[in-house]
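Pasting the structures here.
Below, chain A partners chain B and then partners chain C, in two separate complexes.
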Partner chain A sequence: MNKNSFKNSLLISQLRTMWLVIKHTFTKADTVQYPEQKPYLAPRYRGRIVLTRDHGGEERCVACNLCAVACPVDCIALQQVVDDDGRKRADFFRINFSRCILCGFCEEACPTYAIQLTPDVELAEYDRQNLVYEKEHLLINGPGKYPDYSFYQQSGIAIAGKGKGEAEQERPPIDVKGLMP
Partner chain B sequence: MPEMLWKLLEITIIIALLIPMAAMLVWVERRLIGIWQDRHGPNRVGPFGVLQSFADLLKILGKEDWVPPFSDRLVFTLAPIIGAICVLMSFAVVPFSPDIGVSNLNIGLLFFLAMASLAVYSVVLAGWASNSKYALLGGMRAAAQTVSYEVFMGLSVMGVVLLTGTFNLREIVLAQTDGWLIQSQFVGFFIFLIAGIAESHRLPFDLPEAETELTAGFHTEYSGLKFALFFLGEYLGVTLISAMSVVLFFGGWLMPEPLASWLPPLLWFVIKIMCFVMFFILLRTSLPRPRFDQLLKFGWMVMLPLALLNLLVTALLRLTGVL
Partner chain C sequence: MTENTVTIFIDDEPYQVSNTDNLLAGVLSQKLNLPYFCWHPSMGSVGACRQCAVTQFQDENDQHGRLVMACTTPVTDGMRISIKNESASEFREQIISAMMTNHPHDCPVCAEGGECHLQDMTVMTGHSAREYQGTKRTFSNQYLGELVGHEMNRCITCYRCTRFYNDYAGGKDFGVYGSKNQVYFGRQTDGALESEFSGNLVEVCPTGVFTNKVFSAHYTRKWDLQSAPSICSHCSVGCNLSIGERYGSVRRVMNRYNSEINGYFLCDRGRFGIGYVNSEQRIKQVKGIEQQSPLQLSALDVSKAFSHFRKKNFLGIGSARASLESNFYLKNIVGKDNFSAGYHNDEMQVAVQHSKILKQCKPESLTDIETSDLVFIVGEDITQTAPRMALSVRQALRNAAIDKASTMGIPSWQDSAVRTIGGTKLSPLFSLHSTSTKLDDVAEQALLSPVARISLCVQSLTNLLTSLKNSQLSHIEVEQKLAEYYQHQNHQRQLNTAEQNFVASLYQGICRAKKTTIITGTSLVNAELLADLAELVQCFQERDDINTPNLIVVPANCNSVGVLSLLDKHSLSVEQMLDKLPEKNNQQQDVYQGVIILEQELARCSHNQIQQLRASAKTLIVLDHTKQRLSEIADIVLPSTPVSEGDGHYINYQGRVQKFHQVHPPVLPVQESWRWLDMVADTLGIKVDSEVADNVDLSTPRNLNKQIKHVNKQETCQSLTQLHHFFADNYALWPQLIAAKAQQESKPVARMSHRASGRTSQMANIMVHEAKTTQKFDDSFSFSMEGASIKQTSDMPFTWAPGWNSNQSIGRYQEHINGPLQQQQKASFITFSTSLAENENWQESKDIAVNSSAKQNENCLNYVQQKNIYLSEQQAAMTPEFQLLKQSNCIFINANTALKAGVKNQQWCKLVFSATGENMQLVSQSVISQISILPNLPETLAFGNFSLCQSLSQEIEMKITLANDQEVTDYLSSYNDDILTAKASKESLLTRLKENDQTIPIRLVSGGLTDA
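Our next item is the complex of A and B:
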């Protein structure tokens, strides 16, 4: 019988354990009693997915499909249309939240900061079909994160009212044929 | 004849109080474990969650009374009933207060030991009739464990019998008027308590159930009302072991004088029992489960010699007139 098992046979470690547990009678419970108390969700918590608009109130999404490609559970479906003014936008945009695992890959993939995850996890529905969110359910009126970003102001794509070379941090296009020595 | 009717009424009242108490213990246990684990435990149904057991009961009554097709139907049904009945029978000899108590049996202590031994049939038969490996292993463990721990459970209380000179539980309580037996029989109490935990299959000696290794041990295949009966038996068993510890070593309903007049004897008895039950729950939260060979080794090689030694020393002191 080594020293340790001798100690154990005297129940000393057991008594110590019981004392440690009894001390917890007077410690505060860590539980957040959910429906009455809400847990703190960080601003960048990965919850319900939204589609944001830029500060001009236009949809940011250009329906490039990168989010749908990145989605590991294939819960995003969308279709691109090009408007008469040259803007690209989603004809329909559908997220099936009964499949979504809130991994945030779509947000990482999005080149225009359009798709964003919000700190809202209360998605429960009685009817499964209600978990399929259409574009009008996903679109919000604000810019979400990155409030100053506007894709068409940054990119070189020409739309109505903004020609080539007129974006921020963009120089006018150069006529390459005029560069001849 | 009216005397017999009164007796029947008394039995009915005792059973009608014991069974809800066992149900309430489930809630008490979950609440206490919650508090000790820095949680709240069930606190939604009714004030502080006291109606949780009632809600659980409604749920369990609504379940299908399913008997697995591969089981031995008759024995499978019989096993939980045996368990609950054996424990309830033991309460017949427990003296609750000076005038409450079903039977004033002159071999009350032996009756209790006999019923505790019979209760193992419930577990063994359940394990056998379930016809599944987990249940069988649980049943086998229960048999070995109960047989080993029975031996020194009986020996540990013999010190009490030596000192009081009777097997009658009521007289054992009355013999403690001048001082509880815990003073002279501390070792006996300690052994009895450990054997009692093993006997009622409570953690840390719940090897017949052992969720982490045997799914649920002997009641793996049980559900619905039969499962509830097993649970009833288990919680009644906890109450019974607590009651017996109080009767044998802590003076039953007796209290030292300034305290005794504050509350009725029955209430003192219940308070003492509740202290023990809470201690059992504390054991459950804090102690890990030993390996099965460790359990048996501990029983035969530590507790049995200790019980014999205790009996021997008690007998010697009794002969020499010290006690």
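Our next item is the complex of A and C:
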């Protein structure tokens, strides 16, 4: 590259910049009048975390701890209980949103589609303590994404209303004392 | 390099591998990854799962090779194999994918998830997607009791469970049923597993078929547990444990590998008996100390409360379940003349004999027991009092089969081949006890004998050994010699036919054996037996043609030997202490202000003795972690920690010093006993034995009048290390425990795995600002996921290795498979003095015992209570799951006795036991019990599972009558009430634990009361 072309390119760049500035002076401003005016957030936007229920209205979360271990900031804590109906649920399920970075790893890790991120980003609070969400704050009354999936219908363990061998793709339990080979 | 090492080529790299084990073990010893299921390091190979396939090549020119199963292939010099070879790795993946066709989709709800060998192996083979579209076979589950859960769908038919339960541990009520794709592992019918080792199924099963039911009820993932290396507090074997905690409560116990003690297995008492640390009965507050601030107890409150005891004398009762430090401290606060171990007179006699034996010979480790070819168990039911040792004895009995197989060229790791060749061939086990034991089924001879006659048998064996110099005599000749020897004795001192036969066979067995192990215990409280056994071992040493056997004494508690090492000629028995307590001095003032009782419930004391103690002690100070009858009547109660919440040392039956580490800090004011005693010592001062101190420091002027020097402590001990330094500075007798360990100045090891979750959320409901992790002075572990890797220590809080999440990862830390850990430090053993034996009170024990046994009337009954693995140990018995396993009363009697009383097997009877007590008054006790008739039981012996009161220990009479319906109903309803209470307490415990999960106590520093 010789000296002249270098000088020329420098000038072109400056002219282009000036042109852009002048152009933007006449375009419509991008500023959105939030909160009066809401921006579009895609359905799979990673915002506030919820716990969903399956189509039968039962909690999907089986308290397997995978979301908690996937969480890079360790902001999910829970305790599993086995209820009388054989289902495992979270005794408590707590997300500390003041730590949450909305990375969505928990949703990726969830084997039952229970934990999901929603396109709601309005999480500001005056008091940090209010950003600690317990299970009752997280649980919603719908299935969210993957509405047809129900973990217990796929898994081999028995719960009230679904015995051994009654899940999808299962044969009835084997009679161990039977003589058939 | 040892002579057994050969060079093999794995993927063209040379490796030095031992040729005594199979190829799989060799590969794993090199820390290479090779998946396996059915092989287990201590159970050998059967080649059932086909998972460890590798390609073996003829020579370096061979390009194709052939598939072999590494676990069934011996290692040969110069062999060439490939793990990475495509055909082998594809084969391994196909095996997994075949297993996965039926594996249920339930990892999220499986308790094994996160420490599942199947998960690890699946990842290791690279199998990631299930291509099979067909349906899955399912099974119904069984109820296997309160301890082990069953989820049969997850089974991959590796056969490890039945190989462990039936073949290794000798269980009878478990099996494998069905064929082909329908193989079922379980019991014939639903019911609790009978083996004492059922809990190991949880660890042995590579997947989640068998799960820890207690842990599952209050579950957390392995990666979330905060664990610390610990020692089992339930028997004297001292198995190494890893105790796991989460949200402030202890969740479970897992095995911690120790090549010399427990290896890979634990007993159920050790695994499930930890429940007591979460019990409702825990003492959480001080009693009898005025608290200034309503918020917390301060050190000042304690010193104020103790200030008026300054210069006062106390008596101290230590305990065999408290740590060595606490006992030592207590002994030096009260002075050696005022210290008791809580032993009664007869127990003191036993202690004398026990310490003599320990001085004489060092008991061998469990691993060494497994190498013996004759075991003689006398006067102890080790299946119930030291179960892990019984498991080792079972392995020792296999040596005959292993020897037979080795003569045919079959190595010992070829498990199924060795078992087929061996058949029912077992090395001889001789059992001589007053109750039947679970080892009787594998014993060559098991003789049931009243307590006094057990010693007689041992004595006659000693006589045989000294009089017969020929070890080649036939059985009949030996019996004749025995008869000759005893024909001049009086009737009672003669052996009957069964005894003669037993002693003669035992003599012959011992003459033939290469390595004999004699195991006895203290549960019969028979000093004469121990003395006789010591004499027996002594006379072996005089015989050149027979190898001297190793004598193992199994004491009752986890630190019995530790306490034994602290006893000296001044130590008191409980009776002596009770006599000494009301003593007055010249000014008619009480000599003793009171008694300090350290983690001791004086279980053998009668109600009257406890009343006497309460009445004569002005101040009763109790340190304990759980409510018991002494803490109820005490003036001052100081809450101490159980094994999971404190630091300390236990000494096992060998004298091996083992440290247990704090798993999680306790909630104040609960703190370790030695911390409380440290505070007490601040006011009371401690007494240093100046005889010993003079030897250390000659500049100190010798004080002839007073042999004891009072030391006023200046500073509180912040940590166990400081305490040890303090002890070591002041007492020459204190064992040098820290000397070896002080050198490691490295970074503390993390108690949590690096994946531990919930750090910023678990306490957020209390306060959103996270508390910093608990600090601890001088600790070699951190209460955090941050810290050095577990690789750096032999005391591993948990075991994990990259790609190996299950406990099988221990192989990555062993020098070689089944070998010691890479960081294993040399075990330290405590030394014994014979000072205790110098006390004349206990010296003539033998004569006393002989007299008492001679006195024993032939017609008098000898009732012995069977020991129970779940309920015989005081701490474990508080676990609700164990209380649910309580059995209804049952007594075993002789057929003649039953015939005379007109009762039949399994009938409910009313038994009235009576005896003439000490003050010539008649004591009697009636028991409703089911009868079991044992034909080979001597008429003078009966044993059952219920306890009789203390005064009914000797020369009792038993009247048997059939119980009427009302009595049986009453008894059964009270029995059922107990079960219901246990059930209710189990449920309330779970509810309480769940509530507590949300209020995790914050401790910034885990020290004593002075810390935050």
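Assume the second predicted complex is superposed on the first by the 153 of 181 C-alpha atoms of A that agree within 3 Å, B and C clash if a C-alpha of one lies under 4 Å from a C-alpha of the other, contacts with A are read in each partner's own complex, and residues count from 1 in each chain.
Rule of thumb we're sticking to: a residue touches a chain if its C-beta (ideal position, glycine included) is under 8 Å from a C-beta of that chain, and two chains touch if they have at least 3 such contacts.
Worth saying up front: this structure is predicted, and the values here are computed from it rather than measured.
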{"item": "Of chain C and chain B, partner touching more chain A residues", "value": "C"}
{"item": "Partner chain(s) touched by A:18 [first = chain B, second = chain C, both, neither]", "value": "first"}
{"item": "Which superposed partner A:139 touches (first chain B, second chain C, both, neither)", "value": "neither"}
{"item": "Contacts of A:31 with chain B and chain C, given as first, second, both or neither", "value": "first"}
{"item": "Which superposed partner A:106 touches (first chain B, second chain C, both, neither)", "value": "neither"}
{"item": "Which of chain B and chain C A:117 touches, first, second, both or neither", "value": "neither"}
{"item": "Partner chain B, residues of chain A touching it in the complex", "value": "9, 14, 17-18, 20-22, 24-25, 27-31, 33"}
{"item": "Contact set on chain A toward chain C in their complex", "value": "62, 64-66, 68-69, 71, 73-82, 88, 91-92, 94-96, 98-99, 111-112, 128-129, 131-132, 134, 151, 154-158, 164-165, 169-174, 176-177, 181"}
{"item": "Interfacial residue positions of chain B with respect to chain A in the complex", "value": "34-40, 282-283, 285-287, 298, 302"}
{"item": "Chain C to chain A touching residues, read off their complex", "value": "104-109, 113-114, 134-141, 151, 153-154, 177-180, 182, 184, 186, 216-221, 223-224, 247, 755-762, 764-765, 767-769, 994, 997-998"}
